[in-house]
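The two complexes that follow have chain A in common; it is paired with chain B in the first and with chain C in the second.
Here is the complex of A and B:
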């Protein structure tokens, strides 16, 4: 190539790249706009939902409302009688926390051990099969869990109650809710824990084994503590599901009028069942007060998330 | 390791390797290795990538057991005991033969818990003993002064060089006889590397150190003995000075003078 030819091709390349650059720039700008829009929509959705539910839920306590409910009685009340116009949410809050807590208490250790089994212990084929099972469990719609619970779990609960000389209302009880929720949140926590344990760098395990630790010691002391953060994220998601599950829970809770429920064989009432049951057969304050319950539920979930995050940070910093 | 299985002649060695072969399924990774690794010396393994030096290192604490498809023939004696024999408890062997890896791999827990980990796995619970071991190990690893005021801090927050010294402290905590180091400075900056090299020279007094390194200058600086590996063969093993200044084999000379690598 002569120098002239070289110069010519260089100019050509430069012209082309100048065109390209302006194209890239406009593509960049468009994409940036789209990304911002997506972020904005996500933020707006949350704001809209919270605002709408809050506005509707707060109005029942305001003086201008027809048959207003006293905020104090609402927050401290231990009775929920829509037929008498009595709306006390405190016992429902306690019921909700108890059922979610015990469901978590049952499901969490099972989930973590299952995840450890899937990732570290089971041979490959068994591990794949178990992963599929967990994924399937997570994919079952809650209404299916609900009919399963009202058909099968209630029977079991009734039998268990019989051993202790208790009677139940056809098995509908707090224990049934707890067992149902434990089954429902198990796949959620397990699949998150599997991801977290898979992400633990192999170098941690090798380091532990090279220090003369056994496989079991390595799994429990190093693998689980390295995966802590992801496992806690799974717990948050699981508890979120336990707090928020309405359909299936409504099918076995029995919606007690008073509480809190301490006897596991007794009927219970959670925030979600209160919001859901009879929603379409009612109007006025009984309808609007469900939004107030929604606010309470959102606040509880928020507090739980913050508490678990704080616990996780405390465990991670090691101080 | 009390049982005597096969008597060997020389007791001044940390490891006696006899006619040792290693295969990764079909790949012949180590070929008829014969060498004696002396006690309380620093022995360096050098050679181009894939020559088998790290593979041999991982035989000494049987970390290769964890890799599927590994098969070995021949013997490696550690104080009269063949380390692959059934009588050898791998856990026991690994507490006697510590290891430091290429990437610093502190556990995501406190500095204290990292150093105490090995002892705790052996069932030591006495806080006094643990405190003492943590302190002496960190002192020996030249890290004590930097961390003594925040032993509860998460070890992953340390710098890379500090993390590697912590890993050395962790290995020391079990008072092993041998410390294996697999390219311990290749992930570190020059200053951190210097500190580790100084540390190796100090540790040599109390421990037998076997170090795999890609840096020939490092081998020349820290080691007493050097072995040169090529394609699974041990080409030359001698006093470091001799290997670097007066190698017997042409291939060693070519590698050291940078003709390939």
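Here is the complex of A and C:
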């Protein structure tokens, strides 16, 4: 081989590897771009959701709309008669908050105690079994809860109403909604509380035990208050689920026309059941007003989040 | 510790036992209720039948009737069935849920000439092959009698209103069958099952790449800055949005996307797109979890061997994160099967027997909603479908648990091995 030939093949190899390197680089860049794009798409969704739902929901209040709804009447109204063109959302908001609040009131203590049981008290086997129970409850789809509620919970409610000499509409009532929601948010709060209690540093417990507190005292006073932040995060998630739960609730709510409902054996109407009722038409006020209800729902969830966060901060600073 | 303290502790502990007990009881109550109500309704016919029953008329004008001889009844025939020896067919009288009497075809000899009919009802299926078959509900049969006149018999005719009469008329008075009019059995889940499968396929095709890529971006590529933090918190927020809101979003925003594909109304595609958005946070979280479990050493080794970043991701990281991606897929499937509210908005509530990606349809969950929200809620059917859904969802969740268990166990094993290796190296 002459030196000339050697040089030639060397440059050839160099050129090829340079070409390959630039190809790799461009593949690298394109893929990086695609990855970043996917990340951005995922992040943009929430903004798009808020924007599109709000745009459609505000539309019915604007003067250009055919049969516009008055915003004031919508926000303060205590009647919802879509057949008469009366749309008042205030009583629905109150109903939604009451049902979610009472569901939380039932589920929260049960959840926290169960979580404590799973992490600290139960022996390993039982703890695993209980974890599975919670996971199964979380995995059951909402329609199945709906079938259970409209078959079993309504029967129970009817019986309870009988004790108080009330008649219900086949058991469909606010109490049924509350019980159903309590069951549905229980696994959400419990699993968050379990994570929070697991994360409590052992030194806190040991400290408490060393000071002479009993095991149970330590669990209830030290462990729970250390895990408070996570437990409240669970409560937020749970209430969010209670506000947003649609199919199961609408199977037992009964959709009252006026409200707010104070008697637990009366029919009720929540924001989600309103959105799901009478889905036959696809144009007009009746259809578009669902989006306005959707905005109200999102605002309520947001306010609840902020309120509970504020409460948590206050409790933490109070310690 | 004094006695009061002990009693107080016991009571407090008792409450934890009580609350866990209540949760277990509720779970058992749900399962017992659903299985008790639905088990007797659940069978294979339910799974493979159409929902809407069809009225069809089939004719036999192209058959040479002389060819066929006498048939013998099989031993397996139920006692209340009546068998026609001339045509090899057996009927049973029954009363349906609407208290109407009906005549079911319970047996048809495979050689019977009655199976070679053609549809004569006007419509798109006219001329299609359709004969007598088991499971059909016969209304009327027209035949040529021994005198050569055309007569009819059956439930809607003047004679042959019971199986016994009909069979005797057919065997003793007919030369050949002209046509028959029958109703197919309805109330089945076939269409909804197909729609559900279609929905799972479409949703995963859309959601998996975006979700996995987004997770890879967040964990492998993203710089630690405000933008990344914002992306993370946005995705976190997305998981807190209720599914009705996703349904609304599907109706306004994604509807425009499906309109570009030439779909004018609610469709399975629209449902799949909406579900894809719902699943993004789930897939991203699960995949990231798996990426965290891939040891950093793998990445460094691959990069130091001269592999590019994409090669490292494609050849090292994704294969190692596969169990996590798999469990994300299984969790997604279980969410798709259970989702109802968003699909009611985007796919409609009309149960279809011949679903397509660009037409309306119901998944199994929405099927439950439809039969429950009618004038007469059908608990038995709803519970039967619930059993199907529960079994699938439980299997999926157990698989996810197993995969996660394997993943963490592998990681623990690795740690142990590392420790051992270190220990031996030191000695």
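Keep this in mind: the second predicted complex is superposed on the first by the 274 of 319 C-alpha atoms of A that agree within 3 Å, B and C clash if a C-alpha of one lies under 4 Å from a C-alpha of the other, contacts with A are read in each partner's own complex, and residues count from 1 in each chain.
One rule holds in what follows: a contact is a pair of C-beta atoms (placed from the backbone, for glycine too) under 8 Å apart; a residue touches a chain by one contact, two chains touch by 3 or more.
Remember, it's a predicted structure, so these values are computed and weren't measured experimentally.
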Once the structures are superposed on A, label A:173 by its partner contacts, choosing first (chain B), second (chain C), both or neither.
neither
With both complexes overlaid on chain A, does A:214 touch chain B (first), chain C (second), both or neither?
both
So, does A:52 touch the first partner chain B, the second partner chain C, both, or neither?
second
Max touched-residue count on chain A (chain B vs chain C) belongs to chain C
Using the superposition on chain A described above, determine whether A:136 touches chain B (first), chain C (second), both, or neither.
second
Looking at A:201, would you say it contacts chain B, chain C, both, or neither? Reply first, second, both or neither.
first
Just checking: does A:304 make contact with chain B only, chain C only, both, or neither of them? Give me first, second, both or neither.
neither
Is A:109 contacted by the first partner chain B, the second partner chain C, both or neither?
second
On chain A, which stretch or stretches are contacted by chain B in one complex as well as by chain C in the other?
214, 217
The answer for chain A against chain B in the complex is residues 201, 203-204, 206-214, 217, 221-222, 225-226, 228, 316-319
Residue ranges of chain B in contact with chain A within the complex
61, 63, 66, 91-92, 94-95, 98-99, 101, 103, 105-110, 113, 117-118, 120-122, 152-154, 167, 170-171, 174
Mind listing the chain C positions that touch chain A in their complex?
1, 5-6, 8-10, 12-13, 15-20, 22-24, 26-27, 29-30, 33-34, 37, 209-211, 213-214, 216-218, 220-222, 230-231, 234-235, 237-238, 240-249, 252-253, 265, 277, 280-281, 284, 308-311, 313, 334, 337-341, 344-345, 349, 365-366, 368-369, 372-373, 377, 379, 382-383, 386, 389-390, 393-394, 397, 401
Which residues of chain A touch chain C in their complex?
24-25, 27-28, 31-32, 34-49, 52-53, 55-56, 109-111, 113-114, 116-118, 121-122, 130, 133-137, 139-148, 150-152, 183, 186, 190, 214-217, 220, 237, 240-241, 243-247, 250-251, 272, 275-276, 279, 282, 290-291, 294, 297-298, 301
